[in-house]
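Chain IDs A, B and C follow the sequence of writing; residue 1 opens each chain.
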Amino acid sequence: MNARHPTRRSLILSALPSLAFPALVRAQTFAPLGPAAGGFAQPSRDTRLRFPADHGPHPAFRIEWWYVTANLTGPDGTAYGVQWTLFRSALSTDDAIPQAWLGHAALTTPDRHLSAERMARGGTGQAGVTAEPFSARIDDWALDGPSLSDVTMTAAGADFAYDLALATDRPFVLQGDRGYSLKSATGVASHYYSQPFYRAEGRLILPDREVPVTGLAWLDREWSSAPLEPGQLGWDWASLHLATGEKVMAAQLRQQGRAPFTAATWIAADGSPTPIPDGGVTLTPLETAEVAGRSVPVRWRIALPDRGLDVEIAAVNREAWMDLLYAYWEGPVTIEGSHAGVGYLEMTGYE
Amino acid sequence: MIRAGLMALLSHWRRRPFQLLTLVVGLATATALWSGVQAINAEARASYDRAAGDLAGAARETLESDAPIPPAQVLALRRAGWPVSPVLEGRVGALRVVGIDPFTLPPGDVPGDGGSFDPAFLGPEGRLIVAPGAEVPDGLPPAVRAESVPPGTAYTDIATAARLLEDGGYTRLILTGPPSLTAPPLTEVAPDLTRRAPDTGGADVARLTDSFHLNLTAFGFLSFAVGLFIVRGAVGLAFEQRRPMIRTLRALGMPRATLTALLGMELLILALVAGAIGVALGWVIASLLIGDVAATLRGLYGAEVAGTLTLRPAWWLSGLGIAVLGTGVAAAASLWQTARMPLLAPARPRAWARASGRAMRWQAGAALVCGAVALAAGIVGGGLVAGFVLLGGLLLGAALALPLVLTAALSALSRTARGPRGEWFWADARQQLPSLSLALMALLLALATNIGVGTMVSSFRLSFTGWLDQRLAAELYLHAETEDQAREIEAYLAPRVDAILPIRSAETRLAGAPGEVFGVADHATYRDNWPLIADSPRVWDRVAAGEAALVNEQLARREGIWPGDRIAIAGRDLPVAGVYSDYGNPRGQAMVGLALFDALFPDAPRTRFGLRVPEAEVAGLAGDLRDRFGLADDRLTDQAAIKRASLAVFERTFTVTAALNVLTLGVAGLAILTSLLTLSGMRQPQLAPVWALGMTRRALARLDLARAALLAGLTFLAALPVGIALAWVLLAVVNVEAFGWRLPLFVFPRDWLVLLALSLAAALAAALIPARRLARMPPAQLLKVFAHER
Amino acid sequence: MSEPLLSLDGVEKSYPGAEAPVPVLRGVSFDLAGGETLALTGESGSGKSTLLHLVGGLDTVDGGRIRLEGRDIAGLDEAGRARLRRERVSVVFQQFNLIPSLDVAANIAFQARLSGRHDPDWTARLAARLGLEDQLRKYPEDLSGGQQQRVAIGRTLAARPRLVLADEPTGNLDEETGGRVLDLMLELVAETGAALLCVTHSPALAARMDRRLTLTGGRVA
């Protein structure tokens, strides 16, 4: 079980239809699962994911995303981070209502954090995803195959751009029960798989220079129709590339008046996942910083005693604030302690 | 103590309900006129703000093209990293439909509040977002109301707009942000699109209409001032009459401060009650006038203003505020005097009147100051504000000087008196003056305004109709649907009419502001008729040869461009050969010869003509053209119809002015009535001895009537020069600033006679009630004068 | 014996009361000869002022007759009574006798000019006798109470009426001033040969008259 599930990004999705539809989104996200949500397809434990077909969109589900983060290094050893995200949201169960697409992209250097977003109406050709050959696009941003195991990833904002090649020969990692990811408390579930093993290579474009980079990248694919639960304050989520070749996802959901709900997945170097149940991992903030007028933890201790993991992660750039219509913190981190490595940290709900 | 004191003070009003009525009516009327005008202004301003916040005028760059922009081009631009959001705009009947893409438009630019959106907006049926109260024609998608939408506009999803307007291409693209760092230049991606700076249309409208609203505000303020004269009179009298009571309360141990506070509280209560009534009345007035105001603003400035009012808290709060403030201003002197009144001062029933005598000298000084300010504003100042300062100084100075002028006039007239009755009549009139002067000053203001504005409007109308005759020389005006049709019609008409005069125009910038250029044919119609107010030798020859241009008066005055100066038109620098008057158009305009026009604006449509036809053949030819070419009614207009429509717009422009005029005069009449009524209670000591010495009550009443008529007549005479001066300022200063044209002053003595008769009638009507009361007063009441300490 | 200048016969007058009319005079009869001075005394509310107002043509009787120089004035209409006030009788009130908008000279001459009997010499002499030469351009409100009453007396006598009526003419003045004003009035009345009917509650004043009548409960006691 893990908590990197619909809840995580469905908050971002709540910002999706460009805030022009806040009432609508509120209704969607907080509505009890009743007739209103009944029109959307629901994840099923019996569904077997098939590739490459499931790399493409699932328009019968309410929300879906293609989410890539990359830890990169320049020729001088400087650490960089890159984010490329495409969200899809069905605004209604009515097929005649166009679907909404939202892109987030960011480039983080040790001293700058640049971000951009894109919005599009579905069905116009402005944004969309095809499974084979694989292509996910919005405006001038693209995640283009031949296949999802071999893509070029491009995005640009007014003050940055990047152009990376991601490739791997490892299989996709099915999260939860063969890609059926259940969340304990309410029985809400999603379909969820990842590709944490990309090797990345390419260039970063800044207004004053270009930087050749290499590194590691991590893809999350998830779709669901689950609404957000009330009482959630936000979450802290980390993906870790350990120097030993293992990958770890560790997350906690901060809840009003209750201990956080935690989740983690230990992914062996060969790609076999082990879900860690609630309470199996602890995330402890060690230091906070003033970011965009809020107090945000930028150094954490993550302990997973079962696997002998006890590390401190620290932000490469504390100012990794995604100052978009829906704002949150997302940026690269470095890992020290029982294990070394790099990773990505995402934090929401720090108002 | 406070309660008892307040009850004692308020008991005065119970005993004199009429005085209370006077005070409340005066204050309520003043507040009503003021807040009525404010409501209209607030509504208009809100409409401008909405228009300014409108997408069409949004503060963003746009990409535009002469032809519809294909959707594929939007995709190409976005693919290239240019963040554009398409807009599809068109008309469905009178409704301006604006299709937007809520996905790509920044949320702040999306009209309406979020609540007005739901998925149905994007659905196959679609939704329209319109202003509250807007009418939506049948057959359109369901409408959702939102405050921020400009009147006459409907926002809808771009897909819905495409369906409604049967148009697949976009009208323009909004640049919602900077392009991607890696985006190619726009000239590469979309060479055929023109990048346009943010539109400031809303601000332009606001600037143009400023003068109109300043006009209204000035009127509202004037009405308020007239109302305050009534309040001042009523409050002063009430305080005066309550002096003995106040002295008694003081003697009984009520501290001076408490008493003053109580009086202040009483005034506050009265102000709030009367203010509330006034605000309600103001709402009624504004509701009645807003339609005409909206029509005027649309006709004159092309500004869309909602024809209905919205109740805004800021508005009625400020209405109450101005009522309280006005009461404070009107009552300050009385309150101060009462607060300072020594406990043991002798009862001097005439002290108030005597104090008015002293006040008159102060007033004379103040009148001089006002006159000086007006003069200074007239000589030194420029601009609309200086114009209104000049007006204000003139009116206020004249009002303040009135008692002095009337005293002098009465003194002079009293010398003509023969016999004791006559002497007493004049002496008494002079003595009454201080008590009546506030009402008479109000009357002077109202009369002067009436004369001034009436003269201005009549002068304007005379100039305007004359100008229409000159300007609309062609008998028929034709607007073909296409250039092909225009050519066919031209060929058909050539042998059938005296002349075909092409009317060609193009929008351009003149002296840095949006304006219009016309191409003019070389024809006697123009040479003989065109209303030139300044010209130079061979003006028409030079224009026809393309050597010179004509500009309209607005442009000439605004930019100081007169014959001999030069103006740039579409990059061509031309000398100005003449200036023509051009009423009803706030923008700058220029005319050049047809050949030059074609060279400068080759793309301007060739679809409009003026036709010279013998009068008798107009109807036949028009019918013929309609049948043969299937021309819609609005494509073919005869001269008379245009004149009718123009005059209708003109008349409507001054409907509001006229209404406020009448209301102001009504308030002044009310001021006289209430002054005379309150005075009649005070006049017994003056009348009783005369009666006792052998005059009948009836004779005294007749003299009172005559006196009222005399004072009104004298006030009218005093108002006459003030009104003419006012008209001159309006025509020669305010109009030039507000509209850009200067008009000759014509006088209309017959209107004055009507006004004189009206003011005499008002004064007589006002004097009739107290006079009748006097004629029927029981002798015992008059006799009380000799027996009672009052 | 010649006919009396003024003759009252059963004069009745009531004023409207809260419920029923309140009778003020219940049949008053007396005569006054030319040149005679008569004090009319009585308690407050006895009707003496009312009687004076009736004689002066300022109010109308409810019953009885009032003959002045042989003609009944009870039946006169408003215009007739105004004429009577102008030409044949003249009243000095307790206070507020004067027209506030006219100066002293105009006030003194006013009634005489109204009745067409203005004699500038006589008026000037009167003003001098009353000690008002220096006050002629002043307005009533600028004068003291004694001065005002002297102006009122001057105005009354300027028209040389046959009958002078006075209603507590010194009632509003202090004793000394009142005495001087009364002396002047009696002196001048005697000079012009007019009769004087003076309402007063002052025994001292009444004692200066030829005759004295007392009203009690609306009747001559």
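The rule is short, and it goes like this: contacts are C-beta pairs under 8 Å (C-beta built on N, C-alpha and C of every residue); 3 or more make two chains touch, one makes a residue touch a chain.
Because the structure is a prediction, the values reported are computed rather than measured.
Among the remaining chains, C is positioned farthest from chain A, on the basis of C-alpha centroids. Nearest to the common centre of all protein CA atoms is the CA centroid of chain B.
Distance from the chain A centre to the chain B centre is 61 Å, each centre being the mean of its Cα atoms. In this assembly, the C-alpha centroid of chain B lies 64 Å from the C-alpha centroid of chain C. Centre-to-centre separation of chain A and chain C, using mean CA positions: 115 Å. Residues 17-24, 91-92, 94, 96-98, 100, 116, 118-121, 124-126, 139-140, 156-161, 205, 207, 325 of chain A are the ones that touch chain B when the two sit in their complex. By the touch rule above, chain B contacts chain A in their complex via residues 71, 74-75, 78-81, 83, 101-107, 110, 114-115, 117-120, 122-124, 159, 177-183. Contact residues on chain C toward chain B in their complex (touch as defined above): 15, 49, 53, 56, 58-60, 78-79, 82-87, 90-91, 93-102, 106, 109-111, 113-115, 141, 155, 167.
Note for the complex: chain B touches chain C at residues 348, 350, 354, 419-421, 423-424, 427-428, 430-431, 685-686, 688-699, 779-780, 782-783, 785-787.
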